[in-house]
Every structure is written in C-alpha cells, then in structure tokens.
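Chain lettering (A, B, C and D) follows the sequence in which the chains are written, and residue indices restart at 1 in each chain.
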Amino acid sequence: MKTLKVGVVGTGRIGKLHVNNLMSRVKNATVVAVTDVVYDSAQALAKQWNIPKVYKDYKELVADPEIDAVLVCSSTDTHSIIAYEAVMAGKHVFCEKPIDYDLGRIQKVIDAVEQKGVKFQVGFNRRFDRNFKKVRDSVQSGVIGAPHIVMVTSRDPEPPPVSYVKVSGGIFLDMMIHDFDMVRYLSGSEVTEVFANGAVLVDPGIGEAGDVDTAIVTLKFKNGAIGVINNSRQAVYGYDQRVEVFGSKGCITADNETPNLTTLSTAEGVTKEKPLFFFLERYNDAFIAELDGFVEAVLEDKPTLVNATDGLKPVLIAMAAKKSLETGLPVKL
Amino acid sequence: MKTLKVGVVGTGRIGKLHVNNLMSRVKNATVVAVTDVVYDSAQALAKQWNIPKVYKDYKELVADPEIDAVLVCSSTDTHSIIAYEAVMAGKHVFCEKPIDYDLGRIQKVIDAVEQKGVKFQVGFNRRFDRNFKKVRDSVQSGVIGAPHIVMVTSRDPEPPPVSYVKVSGGIFLDMMIHDFDMVRYLSGSEVTEVFANGAVLVDPGIGEAGDVDTAIVTLKFKNGAIGVINNSRQAVYGYDQRVEVFGSKGCITADNETPNLTTLSTAEGVTKEKPLFFFLERYNDAFIAELDGFVEAVLEDKPTLVNATDGLKPVLIAMAAKKSLETGLPVKL
Amino acid sequence: MKTLKVGVVGTGRIGKLHVNNLMSRVKNATVVAVTDVVYDSAQALAKQWNIPKVYKDYKELVADPEIDAVLVCSSTDTHSIIAYEAVMAGKHVFCEKPIDYDLGRIQKVIDAVEQKGVKFQVGFNRRFDRNFKKVRDSVQSGVIGAPHIVMVTSRDPEPPPVSYVKVSGGIFLDMMIHDFDMVRYLSGSEVTEVFANGAVLVDPGIGEAGDVDTAIVTLKFKNGAIGVINNSRQAVYGYDQRVEVFGSKGCITADNETPNLTTLSTAEGVTKEKPLFFFLERYNDAFIAELDGFVEAVLEDKPTLVNATDGLKPVLIAMAAKKSLETGLPVKL
Amino acid sequence: MKTLKVGVVGTGRIGKLHVNNLMSRVKNATVVAVTDVVYDSAQALAKQWNIPKVYKDYKELVADPEIDAVLVCSSTDTHSIIAYEAVMAGKHVFCEKPIDYDLGRIQKVIDAVEQKGVKFQVGFNRRFDRNFKKVRDSVQSGVIGAPHIVMVTSRDPEPPPVSYVKVSGGIFLDMMIHDFDMVRYLSGSEVTEVFANGAVLVDPGIGEAGDVDTAIVTLKFKNGAIGVINNSRQAVYGYDQRVEVFGSKGCITADNETPNLTTLSTAEGVTKEKPLFFFLERYNDAFIAELDGFVEAVLEDKPTLVNATDGLKPVLIAMAAKKSLETGLPVKL
C-alpha cells in the first residue's frame, strides 16, 4: 500500500488534531509539510512530529509536487480560496467545514473538483461516529423500512463567547449545520422545506448579538419523511448528541457516549456517567475515521463519504432556517 | 371517609373500564347507576358488578338525587350536552375527553361549572402516569431549572380504521390532543404558537380522508420555552410514549413501560421487551389514578388536577395545528 | 365461575395484605371469615371489608363448612399445625412460608395433602413476580438452551432487629430460603450440594446472636448446572432483587423494579430511580398473582404452582447451608 | 520527555499487538529491537515498523546496552527465565502473564527485581479497562463504603481447543487467573480462602482432558469481604465481562462494552448490540493503557500498577482453586 503524502494548511486546534491523528493513528498517510499564518505554530508542530517541511505561505505548500493531498484547516473565511487553489493544483483536498458561506464560492470549488477529477472531502466528522454510522447503515439496510421521522438532539455543554456568535453566522451556520448534514446522511434524502423556532434562553448577550441560543427546526424531505432538530448552546450535563430514525418497520436510536459503563447505586440514587464532555471527547474516534476514509478514498480511488456537494447542501439549509427564523414563516429549498 | 356514589353514562369500552376500576380498585367510591343507549350493555355491566340501578335515559340518571357524581363516557358528540346537564343538576362531573370540538359548547360547560361550583375533571389520564407525573413534578421542583425545550414522542401501535379518521376530527383532535395537554402539563405554561408538519406515510386511505398519519408540531410557550411533538399512527414495535423536558439546570426524560425488565442475550443479539402494546396496557394504572384523584377532589373539596379549562385548551391548540397544516403557515393562539 | 369462599387465620401484616387483595384485586374469591389470637385485630379487619364471620379460635374457622379454603397467615411456629388441621378438615390450604422448620411436621402436612387430595400452596410469592416468571418461562422454553449457571442477588434494604434474628432461624431460614426456592424454580432442577460463605459486616449484634448478615452460597444442581446466591441484610439503595440464568444458547437476566422509568441528567450526573424500597412495594403484584393462581388452581382443579413439597425443599437446602457455614465444609443433600 | 527504548522478545499474537501499540499509540516509547524463535516472524514485524534490530537469540537482545526495557511476550514456559535474565541485566521488564506456574521461579524473579531495583510489570491488562478502573477507583474513594461482596462474571465467547486446555494448566490458571487478579484489584485486599465449584457443560473433551469448562469460585478476603467469580468457556452472545462491588454505602457495577450504543425496535423486539466479541476487541484500549502505564512508571520512576508480587498472588489463588475442585473442600491460602 502506498503512503499518502499530506500537506496541512492551518495548525490551530483542528489542524493540530488532524496532524496528531495522521502521524499516529491514521493508516497509510504521513504529513510532509505544514503551514500557518502564525509561522511559529507550524514550526513547533513540525518539530514535534519530525515533519520535514514548514512553509511560510500556503501557496508554496499547494505548489509542492511531493504533496498528494492538502488538508484545509485554516480560518473559515479562507477555506474556499485555499481549497480551490489546491484542487486546481491537482491535489486531493480534505476541507474543514464549512467550505464557505458564499454559495458562489462553494460552487466554484465544486466545479473545480469536477474539472480536475480529484478527491474532495468536507470535515463533517460526525458521519464517522460509530453510533450514527450504525443508524445510517440500519436505515440503508431497510431494517426499519421506509424512514418516516428523523430526529436529532444536539446540545453543546457550554455556550461560545458572544464575540464568536457575532462572526460565526449564528446557531444555524456554526452549530446546527452539523445536524443538517446529519439528517441528510441519516434519511438518505434531501431537505425540501424548513421551519425554525428559536429562543434566547441561555445568554441574553447572544440575543443582543442578533442570534438565538435554543432552536427547534422541523424539516420536510424529498422522500416524504419529516424531521426535527433541536439545539441548545448549553446542556449543563455535557454534550448531548442523540439521533432517532423512525420508519415503517421499526425505529433505531443512538444514545450518548460516556466515559465508562459503570452504575453507582447509593442511598442518594442510581447514577450513571454523564455524556462525554464535548466534541473533542465524543468525536475523538470519528476524527480519525474521517481521515482514514479520506486516505482510503484517495489511495483506492473510491468516492469520498462527504463530497463537495455535501458541503454545499447544509449551508443552503442553514440559510433557509435563518430566513425562517427571521420571517417567522416556513422556507422552501 | 364518605363513599362517593357515582352514576356512569355510557358503558362502551371506556365506560366499562371505569366501572371496573371504580368497583374494584378506586378507593371510597361505588357505582350506583349506569345507563347506555344500548340498554343491554348497561344491564350486563350492572349485573356483573351488582350495580342497583340501570336507567334507559341518561336524563333519569342525571336527575337521580342519590348520585353525587356523573361519569360521562358516552359518544364524543354527546359529551358537552350530558356534562352540562349533569353540572346544572349539581353533580360533580368526570368527563371523557374531549368535552367537545365546538368552542361555544365547551365554554358553556366551563361557565356552568363556575356557576354551580361543582368539581369537574376531564379524562386526560396520561397526567396520572407515574412517569409523566414524575417529569412534571421534577420540572415544578426546579431541579432542571427553567424549562427550555419540551419534547413528546407519541406513536400508536396500529392505525385506526379510515372510517374513524373521517369522523374523529383528525390526528390533531383525536390523537395529538393528548400531547397538547401533556406539553401544557409538563411545561407549566400555555402554548402561544404552533407550526404543523404532516405526511401520509402509513395508510393512503387516511390521506384520501383528508388527514395525515405522521405529524410533527413545533410549539412556542408563554414562558419562552419551545417544544415539539411527533406522532405516528403506526409504531410496529408497540405504543411509544416518551417525553423529555430540557432546562437550564438539566434534563429529565421518561422511557416506555414494558411487560417486564428482563434482558435476553443470545447469538442473535441482546433483546429487551417491547413497550406495552397500547393505552389499555400502558395507562392501566393511570386510569385508576385519575379516578382516585377525582374522588379525592370531590370528597376532600380540592381542585381537580384536570379542570374544564384544561379540557378547552388542547382543543384550541389542535385546531390551530390543523389550520397550520392546511395553510402551511404557523398559527398563533 | 364459582366464587371461592376463604377463611383467613392470622390478621397481622401479611394476613391483612392477603385479605385486602382477596377483597379488592383477586378474582373469584371472597373472604367469609377471619380469626386471630388478637381478636380485636381480626374484628377490625372484618369490619373494614364487611367480612361476615370473626372467630375467636382458628379451630372454629377450620371447622366451618361454608369455607372452601384456608389461608394460614399466623405466626411461623403454628403454620404446620393449622395447615395440617385445615387439610384434614378437607380444606384447600394456602400456607405462608415456611410450613415449618421441623422436617417431620412438614412431612406430616405433605402426607395429609396427598391423603385428602386437596390443593396446597406455599407462599413463595416471588415465583409470581413478572420478571422472575419471564426468566423461568424463558428457561423452560429452551431459548437459552441448557442452564449452566444460575445466579441470584437478594439484598434487603435494612437489617431486621437482632431480636428477630435470634428466633428466625437465621439468614438461611428467614431470608435466603426465598432464594433457595427461586433457584429451584429458575433451574427446573433440584439442589444436590451447597457451600456457604458468610460474614458479619452489617451489624455486630447479628454476629453476637450467632448469625451472619452477608452470605454467598454456591450450589450444585441435579441437571449438572451450578449456581450462586448472594445475600446482604442491608443494601442502602433499596431492595436489590436480580436473577440471571446463563445457558448453552444464551443468558437471561431480570433487573430491579423502580418507582418510574425517568432519567434525570444534571451537572451532578445522570440519575435513575432506586429500586422499589422493600418486598411490599416490589412484590405487590406478585402477592395478588399468587392468590389468583391459588384460586384458579382450586376452582379449575389444576396443580398449584408451589406445592407442599416445594415448601419442604428450601428448608432442607437452608439447613444444609447452615451446616456448611458452621462446619466450613460443603454439604450434600 | 525521554523516549523509552524497548526490546520485544516474542512476536506472536500478543507480541505483535504490543509492538503495534508501542509504535503507533503508546507515548514516549519506541521499539528498537525484536526477537523470536521464529526468526522470519520477528523480521517481518521489524520491516513493517522500521525497527532497526532483529536478534536471533533473546540473550543478545537482553544484552543490548541501547535497550531500556524488555517486553517478555514469548511462550509461557519461558516467561520467568527471560524475565529473570532481563532483570539481572538491569532492564526494566514488562512480562506477559503468568510469570510462571512454578512458585520458586516466580519468587526468583521477585527477588531479582528487588535486588536490581528495576521496574517490573505483569500483563494483567484488565486493570487498565476504563470500566474496571472506575470501579476500583470508586471503591478506593470510599463512595461505596467498606466492600462486602465482590462479584466477577467472566465468560469467553468460545472454548479453546482441547489441546490447549491440556497444556494451559486448566481453567483456573489460564482463564480465571485474570479474575483472581481482578478481585484483588477491586477489593484492595488479599484472598484468604477459596472454594471451587466446577462442571463440564460446554465440551466433553475438556472433561476428558481433566478440566472443567464452567466454574464458580467463592472467596474470602482479609478485610472480611466475601466474593464470587463465575466463568464459562462459551457465552454464545460474546465476551461477557462484568463486575460488581457491593459495600456498606452502596454498590458499583460495570457493564459490557458494545460496538455502539444504538437500540433497534421492531415488531420482533427491542435489540441492543451484543458485547464486543473477545479480548482483542474489549481490551484494545486497555492494552495501550497498560503500556502507557509501564512507560510512565519507568520514565518518571513511579511504582508500576501491577508489580511482580501481583504476578505471584493470582497463581497461588488459582492453585488453591484447583486443589479445592479436586478435593471438593475449601482451601486456605
């Protein structure tokens, strides 16, 4: 088996995570170059893992002929530009989500991928979670029959700073976007209409910034199914990530992951572990699995499990949800 | 303790159930008279339980001075008329849900109850389920803080005949009406807006009859919380009745009841019992508890847990949901 | 269906419980007479339920020709005498456990039952618990194959007074005797050898009284299976009553019953309800079911589910366990 | 942080597993040399991971001054010899269990470790399972009070070949030895007496080889607690590995790990995933954690979590259990 030579653009939290996984856990891949706008950050990471090349400019990395694939882990506003350039340079690309919030720029990337025939994967890591994958596989296998109702509960353990909310695009674009991808993945169908219900119940500052912190969105799917997603910026008991697909022949649910499977019974009560705290804990294995999937797709010339169009669709749904909340009316896609 | 003397109007399925419970399980009450449009049915039941009086006309029963309280278990279209007359005759009344689908007639009953100062309880038996009661009590106690999200899953094991759907008022009035009562009960707040999503996925005949068989309704509450109810006319694994209230300090969920708590592990898998089949099994104890509550309210002069206004509100919400489904728009209450 | 006319000897806690159940919950039976050494107790209970006859002496009750069946709920030392006399008077007998601690006296009852051809049932109520019955039925059905390992966990919420321990015969005869019956019931086989391990860990007074408060007994069965029972006089989280049968094709376990099926998630943890507090709560339905079973056995001339020999066997096993603990050696039966 | 240079003796299944983990998952360690009696096996593994040195004789590896620590993964009969020589050469040693079945040879290793002051760890990997560790930590923290009853269920998914049973020392030495270590770990106390119950229920060939395939062993502990372990060579539903510690203030249990946390409800039943198939799946993370622990103990000069004496004790208990089964009598340690 060939080893995939990877260049990583962006060595912040998520870039570091991917480099660590690529160097220690992901099969048949190695990082040969890194770059970051904070050069010292890239250099420190390179030193830690004996990565041979550190570039000052991402354009040098993209142009490096030794590199097979580029991971785009830079700031969100640069995703589509760097992804586009890497694709045009003939590189396979793994791009953190979202590709962009501008539909034209996303389309440009999609067109480039088609033109160059390279592999492209978007970082919707939750598709690789063992629980959600099992739910998806069960739906696909027909064991629950035709899907009728798709439900996603997705609640963060603590709210982001208001400053983040101001630039993130809001709850639908920075948080529920994962769930919009999830309902497409689980239902195997496209969303045709959304209606958004929202409230400011966690942090008034989020309301002042023009966003909501608690939201329920109902959805219609092309295959006739209906669905609902609920989000909260703060579940005090930890990261609450559950899904359920109900169909003509049955229902499949996925429960939260916990630090262990012990139960403690005392005079006070019968206690189980809380859900794993946040996404780094819950999706630790999923982050590895998504890169394993990307590397395999490239080396064995298979389709990626989350392609460029899968990067576009959740943005469209999120924008529709945003519009629904603003107008108080359902919005068709 | 005095014994409450009860007259029962209507000895169909639910009337029989209540008579059985009153004669064997409910404390401090006894049935002294029954009546039914099918006289033989009333007579047979009276014989089984040694009930002294069988009336041919409900008006005789309502006029019987020995009777303290009247149970209205007749056909839905006669609920408000009989309830009104019983109230006006000074009887305490337990009335099966819904009081009526005509708001004017419900209001007439409410006014009569106020005028006569009698006890009035509507048959929303699920409030007396040990699980939902615990959820409600937990919300009231403040242990989950302020409620943010209220969720109800309510799915029947098998669809009713299409003929029933044609006269029942449809899924929102004959089925989800219980859940509209439930969200008021759990949230401790009033519904201010609904948006309904519906689909015909179980039985095309239900669609031809102008109804849906699968529905998701999102709700806004006066206290700022938001909520969602999902219904299906057919869950092949049995009666699926779960609720969840998520709040600022935690989340409480209630799971399904099962025939027993065994787990079987074989080479095929690890299997638990399915939910109890339908409402007669699941709410067996709740049917007893609601009458215990009614009898206690009368004998000890306490407010009933589900009063006449509680009978009106879910009808209003159901009608709004129906309108939302028809118009495709959210409807304010 | 005929109604079984029952006379009850002993109106203490368990006698009262049975009378309540017979008068309100058990089908096709009514109590026509009661007696107790404390006459006032019998009289009060008779008044509460309109029971026509109150006898001063149990011999009068046993001789009453109107009575079909006698419930022996008197003090343990009188069980075998009263049961014997009732059987000899041609009455069907339901006898609280144990029949006796003297094997000769138990045998006398067994012989009398055989001679008179009456129905006889011992009050091993746990056989009628919905969970244990399902485990037993599953073993019998062959779904777990041949039973290999039978496990019973049985722990009381609080220790009895030391004064009780002094006269009760000790942990094996007053507590584990239920579990000895349970392993016979679950395995469908007879115990051939026991080895007892015991310790005084809950209350030193129990040790001073010559008993242990914590015990593990391993067993061998005639069918080749092996088993283990563990007992504690004090589980601070409530009445812990679980069983497991492991076999060649699978394993079936029964979990504890709880007040409801809610789960509360807060910053402190994820909490479920504790087990129901003690036997009156846990075996409430089983107490009714055992009498339903007895009444049905008499009226329909079927074998009782717990016959006189089933009353003898656990006493034999308990005595062997006691001897094993005293000698530190395994004891064959 | 320094990197620990490791030499691995034995590149069979477990040796390969450790090398893979050391090269990809374990922190601050690298394998610099391997050896095996099957030279090709060692060479192939070295090639796969770019391990610089492949020795033909383990004595060369033990003598290599570059090597800090030796992993003894050779056949069981050579463990104590190689471990002894490595210790005497001043190497830190990680030795697969059991060190030996000969008590004198184990003692020789223990003495050598003491004399040379090196780190020594035995491969009781289950101590590093997240569930059992949590149970142990809970017991140590005092949250369940004083331990009264320690219970271990440990069942393999399929029996080993009879040929293996003939040389393995039997169920107590090759299988239950893990559980003897576990009860010491969980109780924090030493075993003082055992009584063994055994049966041949899975494979008559195992009986013909002089062993049992189903066993229950009860134990007494120095701290007064009592315990029980049950083993089966074949649980058709997978690897069944559960523990429970019951104490004066509560009870803590650890359930099985599963491939995911989904629940499927259909007309046939409510199904959860079976336990992970066998030890390679269940203890995957524990194998990594034990080496992380060993490396940390060496680099930071801390005691290992499973020392040489911990290697001796379970062998002593296993031999006592074997003797108990043979004699039918309890055996003191």
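In this section, a residue touches a chain if its C-beta (ideal position, glycine included) is under 8 Å from a C-beta of that chain, and two chains touch if they have at least 3 such contacts.
Computed from a prediction, not measured in an experiment: that's the story for all the values here.
Undergrad: If you take the mean of the Cα atoms for each chain, which one ends up farthest from subunit A?
TA: Looking at centroid distances, C is the chain farthest away.
Undergrad: Counting C-beta pairs in contact, does A-C beat A-D or the other way around?
TA: Looking at A-C and A-D side by side, A-D shows more C-beta contacts.
Undergrad: Would the interface of subunit B with subunit C count as same or different, where same needs over half of all numbers used to appear in both copies?
TA: same
Undergrad: In angstrom, rounded to a whole number, how far apart do the mean CA points of subunit A and subunit C lie?
TA: For subunit A versus subunit C, the centre distance works out to 58 Å.
Undergrad: Provide the C-alpha centroid distance between subunit A and subunit D, rounded to the nearest whole angstrom.
TA: Centres of subunit A and subunit D (C-alpha means) sit 39 Å apart.
Undergrad: Two or more other chains in contact with one residue: find those residues in subunit A.
TA: Expected reply: 235-237, 240, 249-251, 265-267.
Undergrad: For subunit C, which residues are in contact with subunit B within the complex?
TA: That would be residues 24-25, 130-131, 133-135, 138, 143-144, 249-257, 259-267 of subunit C.
Undergrad: Touching residues of subunit A toward subunit C in the complex: what are they?
TA: Going by the criterion above, the answer is residues 235-237, 240, 265-267, 269-275.
Undergrad: How about subunit A: which of its residues touch subunit B in the complex?
TA: Spelled out, the residues of subunit A in touch with subunit B are 146, 148-149, 151, 155, 195, 197-199, 201-202, 214-216, 218-220, 224-228, 230, 232, 234-237, 240, 246, 248-251, 328-330.
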